[in-house]
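In what comes next, chain A is part of two complexes: it sits with chain B in the first one and with chain C in the second one.
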Partner chain A sequence: MENIIKVKGLTKKYNNFLALDNVSLEIKKGRIYGILGRNGAGKTTIMKSILGLTFPTSGEIYIKGAPIDYKDKKQFFTIGSMIETPAFYSNLSARENLELFALIRGITQKNAIEKALDIVGLEINSNKPFASFSMGMKQRLGIANALLHEPEVLILDEPTNGLDPMGIVEVRNILIDLCRDFSKTILISSHILSEIEKVADDIAFIEKGRVVEESSMESIRSRCGKYTSYVVSDVYNSARLLEENYENLNYIVIDNKEIRVFELNDKTNSINRLLINNGIDVFQITTQNESLEEYFKKLTGGDGK
Partner chain B sequence: MKNGIIVEWKKIRHKNMLKTSLVIIFLFITIIVLKDIFINLRVRELGIESWIISLDTILIFMIIPAISGILYTSMINSEYAERTIVNYISAIVNRNTFIMSKLIAWMFCHLLMVLIVCLVAYIGSLVIFPTTDLMMRFYDFGVHFLKSALFSFFSLALLVPISIFQRSSYVPSIVATLGIAAVGVSATYLTGILPFILPWTAAFILSQPISVPNNLKILGYVIIIVFSLLFYILGLVMINRQDM
Partner chain C sequence: MFYRKLLLLILLIIIVYLIYKRYMEKKKLTWLKNLLREVESGDYGKRGVIPPNDEYSEIYYLINEIIRKNQNDIIQINRLNQQNKRMLTSLSHDIKTPVASLLGYLETIDKGLVDGVEKEEYLKIALNKTYKLKEYINDLFQLLQLESGEYMLENHPCNICEETRKAFISWVPILEEHNIKYNVSIPENRVVTILDVKAYERILDNLIKNATIHSKCEEITITLIEKEEIVQVKISDNGIGIPEDSKDMIMDRLYKVDESRNTKGSGLGLAIVKELSDKCNMLLEYNSEEGKGSSFILGVKKAL
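And now, the complex of A and B:
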């Protein structure tokens, strides 16, 4: 599948602070690519570097195969963006704001504004100033602005930030529709794992300016290991028994009461028998899939929040 | 660029700041002219040139630069403060276009402020210093105030790099605005070559209807042009290197 944006060895230093460290990403055409990371991990810096809002210290960025040239503004017509928060002129209405942005981008299509507002479901003739918009309306207007010049790629920085649950669902549906019905490639960032998990086709985990993993969601889901959880009366003796009886068994101890065994071949019965025969009470046995959050925790060695 | 200027003008029109500025300037010049018509009768003895110098000093080089500087600061720094600059210049819009459009829109606002002074002063001059040649008086006023407007505008060029450097903070450029106004007018207390080697004092002196030796006049013009260009170029270099 064709890469519409390719980032290779991107590094950004702010004085002595290394914001991005040799980041490489490949964003494929027609897919939703999620950048996942904690606040301050470098998600926005990657997006800003692609958009020419910040200048990389080193590395290369390609748009549709051509190296990026920040001076060649025509190259950027491929991209629509919303970075940080949806920022607009507070005293102007949605339409007036979009009229200014359409004018500055030289958009000549008469219905471009109506079309963009219609896609995101904002009222076209409202005179309500931007300052009085709800966060959901602001995010929608931000997406409409990004769509104005009908770009192939949308770069949206935390588009569900600050939204209520219904708002999150609405924005998520807009993104899925844009990708499915309008063939847009979407690069989104978020620090909320469940959000990215629900929309992204491909995902990159960013931690302290580095990509710790880049993969398709499909592949990650298959790798989010299945595990069997044993809630037992004595975790230390249980762990000792597992060590003694099973070679190279992949397990972890959780909260001094639970043992999670990651094993492709089902050993549930034999482990259960082993524990009971050695006088350990087994209160609960459940088989679960490791969530993306847990997978992220393992990758980053943190709490995944 | 044309679209950029239209956008800037629309933004200014939607804010009340320009309207408020024009009203303040109108009130100032009207009060001064009425005072000179009805109260300060001695002004007739001093002559029209002294009267124009006094208007220049108070309005074109003190009040208008202060108001105009604050207007420009607001034009640039509200973009940083509200983060609209990220929306505006991300991707498609050239950073030079962003600054140049603002500069041109600002110059237009500045000229508009001076135009109000010029019109009220012209009407007042017909009462204080009657003339039969209305067209000639109008032409003289037009040329003089256009020259003063341009000089006072160029003397504010320092604000361009400052407003970009300070990003969302308004304080440095407001301090600089007031400083420029104060330094410009202080030219009246300086003698010799000194007022001609500072762009702000040179702008004030060269806009006045007074005779200045040719060598100093040329030096003053060169200083104003060089410094203005320097500050504009510095502003463009800064915006092009700035991480948003």
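And now, the complex of A and C:
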């Protein structure tokens, strides 16, 4: 899987303030990448750097394998973004606002505006002026604007900021659909773990301008979660014994050494004894009991919210 | 004299304007050429971006449409590949786990650690596990065959009432064994449809099996209603139903509502029903209410 955006050793200094310290990220094509960090950790600065809105103090940024050429606007055409609060003309409707942007930026198909509004669930023929939009509608128009020129990559800074629970779910579904049905690559940032957790395929934890960890959600999830893992000398007989002695035990065989029993329970002792009494060596028992939240707290050394 | 200078000036303006226009056109065509070159070298995500009021916009839009279609084809192929990869991973667990416990039982017997009644019991358990595994592998194979388009239908005109009755009768002893009440309402007259008998039987079998074994119900009802152009066959139960958030996924070949991994039967039954019914051009609908029951409705076209 190729990297559609690559950040290498990005450092950004504002006078004496070190906003970003040697940040390296790899955003893979067709996946949703979440940057998670507290307010002020540097999420927006990373996004602005990728978009060429601010220049790095040092480090390199590559878009589709080519380093950023700040004089060539065309390489940014393949990116659509919404950074901070979306700004539109208050007296114009959704459609009229997008028509303006279509003239300025250009579009890729005749009914680009209708399609964009349809994806975000805004009414095409409404004359409601932007000033009377709810927060959720404003965010959605921002996303529609980012989609207008059919970019391959979407960079959205805290897209669920200020939304009510319904709005959060709607935006989340829009993002998932965009990735699944239109194969878009999406980079989002948030300070709320549960939001990123539900949507991201890959995740980077940012704290004080530094990347504390970068990993796929899948690998983090397999490290968290609740289960007890037994590394044994005889997987087949262990499986048989578990089935014989425990009704409906939820377990799977991982390979020819490891069995995982899901849901923590107080059976660890008795399972261990059962196996040993039947001549099976138990080399290792590990209990995994960390929720994603606890993992994040540990990484950032404090409250993740 | 003055008029000549004016004429010259106007001519000059026209020439400058024409040169400018030509310059802008060349720029847009070069842009288009670069775009096409990049697409040709495999980057189907690229699009030509142009304001809607530009005279070249139609051309750009048409080219974008062609690129988009190519990209969609590639996305489809990639998605199928991904699906297959996921299937292999999760299916390997579905096969590894029963094989592991099967070997456990057999090795114990082989080592002579059990005898007499216990040995007989172990053999029975091992045998049953092997049957289940065989069933699972057969289901899997049929599903793959269906999905790859290799399954050949053998259609004949037949009396759907008779076929439905036949399929159901073989389940009666099992229903009685599970203490499940049954109601059958199939008309006595001949209703002719074009069917692949084996496929139809398979569909009914899987649906009835689902109701019998997975729904934990007390009563199963089968009704056959002849309408003007189609025949509706409905199988309903009053069991645990399908939870709201699982409704879209139950036809997905990997999904099982009962999360415990010790349920009997593969998770493939409904996926096979869906593939087969699609293949036979039958409509499939289902309704369910959690805690109240489910019903599956097949729509079969009547023979003219």
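The rule is short, and it goes like this: the second predicted complex is superposed on the first by the 239 of 305 C-alpha atoms of A that agree within 3 Å, B and C clash if a C-alpha of one lies under 4 Å from a C-alpha of the other, contacts with A are read in each partner's own complex, and residues count from 1 in each chain.
In this text, contacts are C-beta pairs under 8 Å (C-beta built on N, C-alpha and C of every residue); 3 or more make two chains touch, one makes a residue touch a chain.
Everything quoted here is computed from the prediction, not taken from an experiment.
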| item | value |
| --- | --- |
| First, second, both or neither for A:Thr160, with chain B first and chain C second | neither |
| Chain B versus chain C as contact partner of A:Asn248, first or second or both or neither | second |
| Which superposed partner A:Thr228 touches (first chain B, second chain C, both, neither) | neither |
| Contacts of A:Ser93 with chain B and chain C, given as first, second, both or neither | neither |
| Touched partner set for A:His149, first chain B, second chain C, both or neither | both |
| Chain B versus chain C as contact partner of A:Ser189, first or second or both or neither | neither |
| Touching partner for A:Gln139 - first (chain B), second (chain C), both, neither | neither |
| Chain B versus chain C as contact partner of A:Thr108, first or second or both or neither | second |
| Which superposed partner A:Phe77 touches (first chain B, second chain C, both, neither) | both |
| Chain C-contacting residues of chain A that also contact chain B | 77, 103-106, 149 |
| Chain C residues touching chain A - in the complex, by the definition given at the top | 43, 45-54, 60-61, 64-65, 71, 75, 93, 96-97, 100-105, 107-108, 259-262 |
| Contacting residues of chain A [partner chain C, same complex] | 64, 77-78, 102-110, 149-150, 152, 183, 235-243, 248-253 |
| Chain A to chain B touching residues, read off their complex | 14, 48, 51-55, 71, 73, 76-77, 79-85, 87-92, 96, 100-101, 103-106, 142, 145, 149 |
| Complex contacts: residues of chain B adjacent to chain A | 3-4, 6-7, 10-11, 14-15, 82-94, 241, 243-244 |
